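By written order: A, B, C, D and E. Residues from 1 in each chain.
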């Protein structure tokens, strides 16, 4: 029993390390690609790692109370928890319990932690930022819900792993119309969950000086950078697993080669999802909060609902 | 030197001036040049004159420029107003006594709403008090320390005040040509 | 030979009367708490007997009616909800009641609820329904006449429509107790299937179902009939609202289950099915879905702390109704599970509201704030309650919501699935609005000396919070009880795990991994440099210096953009509709009186002549 | 031994005539004398009650020893015994209450009239002969007219005048109906009428029945005929209103029911029932609605009492055994509750000088006992489970539903919803609102307090344990319902037939 | 808590390569910032990013003349920044008052009030000069001489004396309360 425990712990640590590293790389890619779109050179790819180290190594930090610290810790903890559930090729630990609804909820909970911390800081901009974040969450929930419903009804199961296995045989789920609609809607939702351009009203730098993040300094901001990295990795992984077929490679003899191959395929799919988000983000101006809410309740909801109804038939 | 072309143009301004002078006998008006008219109005009649201008579609008030004449002991307020329809610029000059307690003017906030800010500006820097403008006491540009010194008056000794405020500036007495940073 | 069912039902009422008569400050609290504890003890003791024999039965004849009482698994679960949350609410009331008559009517409504859950025939069901309504109404009467009148009228309307339905059933079936009605209606359905004409016609069934729906819809706070809930929940002794919204709304839910038990097969045969759900069930589910959305959105826009939780309680009951409406065995079990978790966290929330109102004396959001430092225990309880209601994994809220989602979406109902998802986000939204306005941010100067909760309230909150956590981490405990209702093992899985074939959820595993995640974050946190505590005014406002006179927290009108987006929908309000009907009825009464009893004798003589004419003409 | 039962009628009659002599002895003695007489009457009534209910056989009294078809007989069955007791008890309480409540001077006139009222009502209930029924109805009616006008105020006389006009028309048509029946059947005795009712030719039967129903309708306050009731209740002195609503109306209703069920063999019986149900429902609905915006509390209680009476009429008109027993149960409960309510209102009017809503504001603090009594009365009338009216309401509703009248019941439930509104407003007014002018707490009269508490205790006892009353009521309804048993009990002269 | 001296070079490299600028453009230098950020001179190559919140920023650019009112805001923002923070002053105005040498409204010596690491001369230095300044500050961070924040912490009284001398005692509360009577909700109509 103990050996399996240590095995799991080691595997978990490896996954965590891999996820954080790739997450930082994704953040680096975002900054480089946006820079290249602006015809600028852009920072080196490992820039986010440097930023995080600089933030963590700050010599003096401030706190506004116990909840201010606990909220940030809770956010990172919840993201790590979410990461463990999403099947990563064949090596994820809690794969058997990776339930669609559970993962969608876990991906929203870090926002609760961040908002708790931001609100307890007592800064008016933090309050305003959290209000906008809440409304974006409210707006995003409807298309997200319909997309998950479409998926669950199409594959008639909630376990992500079974969906991935089904896709291995029957081909990627975006090849079927109902799920293609769901994927489109989910992708627009991802735009808001990444906090990218058209829907990042909650962390608008000019207007409310980074919204909830205004009071986060030093190590709190460092932890949030790590959280953002893991969240990026987890969300893209979840999307590529349920819509782009995930990766379970059994062609090679040794298991290590298999896992590396599947991680590679997954990485490519995750990059694809990320690039879509970056390109949309780089072009669009920022929506105000009620425009964003009205938009989300109009087009993505219609698309996702159509997908759900088609899947239900 | 009213040449033809200029004459033709200034004829229009002259017509505007005569039209206004008809209705405001207390004022004198003359055409400075093309698209620029000037009126001199006694201080107490300023509100009626401005309402008159407003009615003759002089829409925009551009600025209230106070000019300090220490020798005459007066501050001259120039209300600069622009008419979009006539495409002409009107300067209405009034003179008020210079002393702090006597430099008082009625506000024209209700005729031209923008005047509220210009009046506060004039009050901050020149000490002209406009009755009826409720934001007169509201702090505007100057900091607390410079609140009552009305810095842009001619008799304000700027250098001496700066030396008192920023104590380190003893090098001002050196002569300026070999000034070394 | 007092049967234990009688003890369970009538001890609260008797102790209530004694407490009301005695009216001695210390003593009456003790008696009333005893009155709430005794039934709970008997119920726990009854759990053993239920494992051996299927049910405990008792019957008594009063004025020509044969009253039967039955305690079996389903009613045991609901009675336990009433017991636990009722006991906690009574404990809470020990510190928030001022005069003794509140004890009488609170315990009377508790008796009513117990009676409803244990009743086995329609007449005793109706009687205890009336007792419950009257008890809870008198609690609201003292605080606000208009709110209590609206509440009483709507619930009496519900009660009378139920009475009409009972009457029709009694006329057709002849008997009143559940077993015979169930049998006759079952045979009736079979007869209908075989083609012969049935005992009850189609519009009879429609009428009965409609009337029962109105009756239970009013009590559960379904969409068009929910207008009484916000006023009634906020205009009464706040710790009583824990029982009011936690337990009494479950009576409405139990009523919906009674519809399934009694008329289920008959309605199924009569109206058929939509997809997997029965058509009549789909009506309940759809109304439940709308209740979720309406309750949630209105909760987010409230300015009063009690109103917010009243609307939130309506929207949570909407979940249960969706679960019941879908009608599959799994979804009904999920609905009951959510009923349990709703009673727990809603009871906890209203106790928290009671503490806040008791300690600060304020109920509006705009004059509260920054209480987290001053009331640490209550804030800890609030944190647990928030995690539970918003549906965050390790707690019971998530377990029941997860079960409900899976059950509803598995019956491939896309619209209902969408509505439920929308509901889960709204729960998130108005909770954070509440925490922000009350617990965080800048504390108004007059709240600086607020003390923490009194002891009895703290114990009550402790009980409910503990249950929230225990049932969250070990959902299997509840699942085994739920499976007993249907007899067969619907929710498989161990004590820590719920396994329903197409989805698995393990409470313990999630808690472990969440703790590890937080530990990892904690390690990174403590590696960094030391932390300096900073006052609220030391905050970045574009470099401007800030003092306590500035209002640094957006407490008033927090969701203004949401109000603008929903401006169109907010114009429709059922509340105004019912008010206009009430006013119209009163004007009609006024004109009627002026015309008929107008006071002159000639008119009266004319009436006599008209009656004579009718008698002669009509050939009597 | 059973002959002493006739004293029930004789005692009030003789003592009524003795009243002027008592007045001659001393003015102060008259009221206690009234109380004494009603006490004796109550004693006798209780004796008769347990006599009838233990032996199970009705007491038949032959006036002057003649056998029934020739002579007049008194038939005190289960129902009559029960209601004679209620009348006696009610008039005893009201006699005590009128000791203090009656201030207008000719007190001896009051004593005489109230005795006559009690006599008439007892007579109507216990008589076995329809003409005798008419005579007693006239006695009650006339004493009721006089008592309504007793206060000598303009309003009282106007109400009495209305009552006289309508009552007169009603009783005259009642007499015509009796004449028709007598003409065609040749007998006045109820049992014989019941036997021969089948042989009447239908049109005459129809006309006679119509007249009878119309005549009694006025007395039993059915919808359009009860226009006099609100003014009469409001104008009469307080104890008299209580007596009106407690038993005078009930006597009228009993007579209506008795005649209805006697002539059930008549062809057009179904029509009459349907008409009565319609009238009854209209009484309930109109009564409730007109009470909604009342400012005078006494008038509000009058309307509510009318609507409850309408509900009883609907019960009788259902035509089933369950319907009759439910409506009798409702009559008993209604009598108790209304006696309590009118007594309480009267007492408030006595102490505070007025019965408008303004005086009732904050009554909880001024007269807590009376306010408590009114609250219990109001709550029980609305139909809250643990109180007495609830049981009879449930029985009535289920009986009506059994008889297939769901539409009627829906209307009546709607009306009782309206009733709940104005009673709750009153309760809230009394307990939770502050009166405009500051009033100190009034020390309430001990005797009235005990009476009110007694009635409240009665309400709650019947509410919590209705079994005992339900059995009594079941026997009473059998007495009215199965006419065959009634005919067997009356020893008819064989061979005497028209 | 933990003694990180072993990793100091890594932290210095990270601090050097990811300087976050608090976007507080006073005076006429603010217009120089866009060309630095956009494609022509692109400071992001050095990992520098404009960041609105002082809590996370390290580099504080004072890009022009400083009036007493702005100086109050600068001091407060400076104190909000977490510790290893660096200040760059552009142009001659913060140095010695520049063209506003005799104006009552401009501060003559900025480093009397807050410590300055690097000063770039020029009456608004061109972007190339600013880039050179930034390289200079990176070097100083590299070799650990950019310790203005230590100087501020050690002789805080001297700085405070100068500030109070200019603004008077308790200027923060006075400044905060100066506008309250005129705020919308506070004014009793």
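Heads up, the rule we're going with is that a contact is a pair of C-beta atoms (placed from the backbone, for glycine too) under 8 Å apart; a residue touches a chain by one contact, two chains touch by 3 or more.
From a predicted model like this one, the values you see are computed outputs, not experimental measurements.
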Contacts common to subunit C and subunit D (chain labels): none
Those chains which touch subunit E and also touch subunit D: C
Closest chain to the centre of mass proxy, which here is the mean CA position: C
Identity of the chain that, by mean CA position, is farthest from subunit C: B
Pair of chains whose C-beta contact count is the highest in the structure: A-C
Farthest chain (mean CA position) relative to subunit E: D
Whole-Å gap separating subunit A and subunit D, where each centre is the average of the chain's CA atoms: 80
CA centroid of subunit C to CA centroid of subunit E, Å: 58
Separation of subunit A from subunit C, taking each centre as the mean of its C-alpha atoms, in whole Å: 36
Centroid spacing, where centroids are CA-atom means, of subunit A and subunit B in whole angstrom: 61
Multi-partner residues of subunit A (at least 2 other chains): 57-62, 209, 214-215, 218
Touching two or more other chains - residues of subunit E: 53, 55, 83
Subunit D: positions in contact with at least two other chains: none
Touching pairs among all chains present in the structure: A-C, A-E, B-E, C-D, C-E
In the complex with subunit C, residue positions of subunit A that touch it: 12, 16, 56-67, 69, 72-81, 84, 94, 96-97, 99-102, 105-106, 108-109, 112, 115-116, 119-125, 127-128, 130-132, 134-135, 137-138, 140-142, 144-146, 148-150, 152-153, 156-159, 209, 214-215, 218-219, 222-223, 226, 288-290, 293-294, 297, 301, 304-305, 308-309, 311-312
Of subunit C, residues touching subunit E in the complex: 526-527, 529-530, 538, 540, 542-547, 549-551
In the complex with subunit A, residue positions of subunit E that touch it: 4, 7, 10-11, 13-15, 17-18, 20, 38-39, 42, 44-47, 50-53, 55-56, 58, 81-84
In the complex, subunit B residues that touch subunit E: 135, 138-139, 143-146, 151, 158-159, 161-162, 165-169, 172, 181
Sites on subunit A touched by subunit E in the complex: 31, 35, 38-44, 47, 50-51, 53-55, 57-62, 205-206, 209-210, 213-218, 221
